[in-house]
Every structure is written in C-alpha cells, then in structure tokens.
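Note that chain A is present in both complexes that follow, paired respectively with chain B and with chain C.
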Partner chain A sequence: MIDLAIVLVLVIIGYIFGQRAERRHFESIIDREEQYKSLLCFSERFPPTQSPPPDVALVAGNVVISIDYFKRIVAGLRMLFGGRVTAYESLLERARREALLRMKEDAMEKGAHSVFNVKLETASITKGRGRQVGAVEVYAYGTALIEKTGS
Partner chain B sequence: MNYQNRKIPEGINVSSEHPLKEFAILALIAVALVVLVVVILSALAEHFVKYIPFKAEQAIAATMAKQLDDGEAKSPEQQEIQDYLQGLANTLAVNQRLPKGMTITVHYIDESVVNAFATAGGHIVMYKGLLQEMPHENALSMVMAHEIAHVKHRDPLVSLGRGLTVLLAMASVAGVSDSSLFERFLGQAGLLTTLSFSRQQEKAADLEAYSTLREYYGHLQGAEALFEVLKSQEGSTKTPAFFTTHPLTSDRIETTKAFAASIHPLEKVELKKLPDFIERLK
Partner chain C sequence: MIITNIEIIPGKKVTQHLGMVQGNTVRAKHAGRDFMAGLKNIFGGELKGYTELLQEARDEAVGRMVAQAEAIGANAVLNVRFSTSSVTAGAAELFAYGTAVVLE
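Up next is the complex of A and B:
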C-alpha cells in the first residue's frame, strides 16, 4: 500500500512540475524561433556557389531533457496497449527544437547568415538502466556560412 | 536561387489531447485488466498448484524459513520442545500419508501469541502461547494435524501464489518492478499466507486432521479441546486475526464431537498426557 502511495505522490509531482516546465519551454522555444528567423537552416549538403566564397565553421547545440515520473507512467501504460506515445513525442519535439535553437545561437555569435548540412543526433542517456527515470539528448550540428568581412 | 525557412505549423509532433485524459483512460483499462487477471489467476492457482513440485515450493520458501528462526540460538529447553514437536509432526505426517518427498519442519517460537500456522515449504510455526493452552497431546495433535493438512493441500502455496500475482500485477502497472520489492514481499509472505486461507481450505484441513487423528489414536476424543481453547480466546478482546477466516469455532466443536461420536460412540478413552517439559511451561 505504501508503495502505491509513493508512486502516486511521484506521479502528482511529475505531473505538476513536468507540465509546467513543458509549457514554459514551448513558450520560450516559439519565442526564440521567431527571434532567430533571419538565420536560415537547411539539411542540404552543398550551399549554392557564392562569390567570394564565404568562411565556414562548425556550429553545434545540444540539450538533455529528462522525462518526469508522470510521463514515464503514461508511457509505461502506453507500452501495454500500443499507439502514439504522446508523452515522449512532446519531449523529443522540445529537445530537437531546443538543440536547433542552441545551434542557431552558436551560428549567430559567429556572424553566420545560414547553416547548411544540419543534422540531428539523438541519444538516450540512461540506456540499459531501465529502472532510472530516463533522459534524452539531442545534438544538432551543421556548417555555418559566414560572409567575409573587410579585406 | 531563393532559399527560405518557412514557419512550421505547431502541433505536428505534439498531440493536443490533455495528458491527464490519456492517463485516466490507460490507467482504467490497465486496472480493469489487472483485476481480471488476478481473479482468473487466483481461481486457477488452486487447480494448478498441485503440479508444482514440493522441492520448488521449498526453494521459494527458503528465504522465509530463515526469518522464522530469527537467527537466535535456541536454549536447551526450547530445543527439547522443538524436537518433541518435530517428532510428533513426523509421526502425524506418516499417519496423514503425506506424498513422497514432502517434509514438515516445525519451528517453535518462544512468544506468548496464541497461534500456530503453516507456511510454504512445509514449515509449521508453533508459538509458546498456544502450546501452554494445550490440555493434552490429543489437542496438540489436532493443531499439528490441521497445519500439516494445510501443507499437504498446498494451501500456503495457493495464498502465496495469489499474493505474488497481485503484487506482480500491481508492479507492472505502477512501474515499480524493483527486485527489492520482490524480496520484501517474499519476506513478509510467510506471515501473509497464514492470514488468507479460505474457509473451505480450513474445513478441508479440519477433515484431514480428523482422519489423521483417527489413524493415529484410533479415536477423536480430545480433539475438540483445541477449539474450546480457541473459543475461550475469542472471548477475550485480543482475538487473533487469523481465526476469523476459520469456520465458526462453536461449529467446529460440534463437528468434532459428532465425528468423535461416530467412531467410538460410548467408550471414554484416556487421553495422552503431554511430556513434563511442556507441562512446566504452564
């Protein structure tokens, strides 16, 4: 009985804090995406030929987001029946967009106007340790094109 | 070439359904399934339990058996009582025709609890409190034969299986399938099983005990003394909880007397005395 109570408390804490964090995160993501709109990102491997050729630099951004207990329980229940694991979908969506945003921040600091060959890597931090609450890492990287200045 | 990043509409990868709604639906279905599975499994447990080899039962019970002895060394007096009880149990086990390989291990515990119980692996626990109340060996044999009958009928395993099923089901739903939880459960299971024999199981154990006593003594006189002891215990406020699942004690006295009468209607037989070292406990 006490075990059930512990689980219940964890679920409630997970729900309250997890949902609040998610809502705020999405607000911040949408906000910053608007802010960095001018920086263009493409998965194209080759940029258009340009003269004079721009400087290039590797830009990257990574993020690790932990799931909360509520998401874990919902996902666990979902695994019994199948279907969209919406609890994890929103988590990964946040992670991808946040990673891209951090990459964009890196690119903007370097004075880039666009990033080509953008790729995403995803890793599960707690792989193989099933009993722990998991966390996901998303790493975004690409080649930034920086307009030559001066000379 | 004109390159641009168009704004991607929101909600492609994120479902707009409220997470609590999803949780509620899933949890309800899961709980319903668990209840169904538990009901089915516990119904089946009674039928399948006899196919579990006694050796496997002993292996499961090994951790619990360690707890029964508490690790404390027994004094010579306690050891003497335990040996006596073990001897009596062995004799009764022969008279009850236990299946091959089934063995009874008696644990005597020096506590004033008026109780005795059987648990998985053929372990029978006898408390000093109950032993003190026994007027003669015939009544003590009735207790022992009753508990041995539980072992023979695999009753502890049925309850254990039921408890394990419930726990497994709860753990898989709650996602708390820690192995430590299992160990904790197995540790407590020994006591749990005593609480959850059904009334039918108790009745069957009583009947088995009658035929055992008849086999051993040739009569049933004195067996009802056990239930009279239990009845006097019921009168006091601290009724042991486990007796509530047993058939009504007054009914058991009547049944026992009727059985006794059906075997030796008239003769009054002398009842066997308990050894001195047990009389001394009183």
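Up next is the complex of A and C:
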C-alpha cells in the first residue's frame, strides 16, 4: 500500500515537473532556432567550391536528457499494447534539436557561415535497475566553413 | 592540425595518405553524479553532469587521435567519425577515428 502511494506521488511529481520542463525547453529551442537561422546546416558531404577557399573546423554539440517518472510509466504501459510511444518521441526530438543547436552555437563562436556533413549519433544511457531507457544522449557534429577574414 | 569530417579540405591538396588513426577512452560515471541523475529521472530534464562527462571524454578521445596523427607526421585528419558503445552498465567507451593525411 505504501509502495503504491510512493509510486503515485512520484508519478504526480514527474507529471507536473516533467511537463513544465518540457514546455520551457521547447520554448527555448524555438527561440534559439530563430536566432541561429542565418547559419546553414547541410548533410551534404562535399561543400561547393568557392574562392578564396574557407577555413574548416570540426564543430560539435552534445546533450543528455532524462525522461520523467510519469512518462516512463506511460511508456511502460504502452509496451503492453504496442504502437507509438509518444513519451519517447518527444524526448528524442528535444535531444536532437538541442544537440544541433549546441553545434550551431559552437559554429557561430568560430565565425562560421555554414556547416557541412552534419551527423547525428544517439546513444542510450541505461540505468542498472531494469533495462529501460532512462536517459538518451545525442551528439551532433559537422564541419564548419569559416570565411577567411582580411583577404 | 586540421580536423574535419569531410573528405577534402577546400583549396588544399592531399600529398600523402598515412592511414587510419584512432583514439578512445572508457569512462565510468561516479556515484555522486549517478545519484543526481537518479533524482533527475523523476523530474525529467537535462543531465548536465553527464553532458559534461561525455564531452570531456570525447575531447580526450580526439586528443589521443590527434597525438597519434602527429606522431606519424600528419598535419590533418580527415573524415573523422565518432562512435559510442557501452561496455558494462556503468561505463561507456567513446571512440574517434579518421584518416591521417599530409597537406601541401
């Protein structure tokens, strides 16, 4: 009985804080995406030839995001019936967009105007207890083209 | 040392290929960070400790790769790739590899 009460409290806490954190995170993502709109990102492997040739640098961004308790329970229930697990979908979307934004931030700091060959890598960070996905890491990296100054 | 994940360097010619270079590191999370992560698992949100840990580890893997490239006389590493694998429950391996070349 006490166990059940603890789980219920955790679910409620997870729901309240998780939803709030997610909403704020999405707001900040949309904000920053607008800010970095001028920086172009491509998954193209070869940059177009231009003269003078630009400098290149590896830029990267990573983020680890954890799921909240409510979503974990919801996802657990979903496993019984099958179908779309929206709880994890939004988690991964947040993580990918955040990682890309951090990569863009890095590129902007280096004075780049575009990023080529952007790759995304996802790794799940599993906790010892159970084999559920507790947190997910996304790493975004690419080659920034930096126009030479003063030439 | 130029590091990129594309196969060419704009405006430069590769004069010599020196083969593959690699760097890796295996990191474990420490108990304090793990405890905080456990709490975060209830509330949701970013695990800053882990983000930093993994970034540091990747920097080290790249550093080792660069050291190896320098040792064989390269001045650039092209087509760099990253890969992550979990060795056991508590530790992750971060691996960086690329082609060492000499640019003109």
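Please note the rule applied: the second predicted complex is superposed on the first by the 144 of 151 C-alpha atoms of A that agree within 3 Å, B and C clash if a C-alpha of one lies under 4 Å from a C-alpha of the other, contacts with A are read in each partner's own complex, and residues count from 1 in each chain.
As a convention for this text, a contact is a pair of C-beta atoms (placed from the backbone, for glycine too) under 8 Å apart; a residue touches a chain by one contact, two chains touch by 3 or more.
Treat the numbers as computed from the prediction; the structure is a model and nothing was measured.
Applying the stated clash criterion after superposition on chain A shows that chain B and chain C can sit side by side. Of the two partner chains placed by superposition, A:88 touches none, neither chain B nor chain C.
Contacts of A:134 after superposition: chain C is touched, whereas chain B is not reached.
Within the superposed three-chain model, A:52 lies in touch with chain C and out of touch with chain B [touch as defined at top].
In the overlay built on the shared chain, the residue A:74 is in contact with chain B alone; chain C does not reach it.
Vectors from the Cα centre of chain A to those of chain B and chain C enclose 100° in the overlay, to the nearest 10. Between chain B and chain C, C contacts the larger number of chain A residues. Superposition on chain A places chain B within reach of chain C only down to 13 Å, the least C-alpha distance between them. Annotation: chain A residues 72 touch chain B in one complex and chain C in the other. Those residues of chain A that touch chain C in the shared complex are 10, 13-14, 17-18, 21-22, 25, 45-47, 49-54, 56-58, 60, 62-69, 71-72, 98, 116-117, 119, 121, 123, 125-128, 134-135, 137, 139, 141-143, 145. Here chain A touches chain B in the complex through residues 3-4, 6-7, 15, 19, 30, 37, 40-42, 48, 70, 72-74, 76-78, 80-81, 84, 86-87, 89-90, 92-93, 114, 131, going by the rule given at the top. Considering their complex, residues 1, 3-5, 7, 10, 13-15, 17, 19-20, 22-23, 26-27, 29-30, 33, 170, 173-176, 178, 181 of chain B touch chain A. Residue ranges of chain C in contact with chain A, taken from their complex: 2-12, 37-38, 40-47, 50-51, 54-55, 58, 80-84, 86, 89-90, 92.
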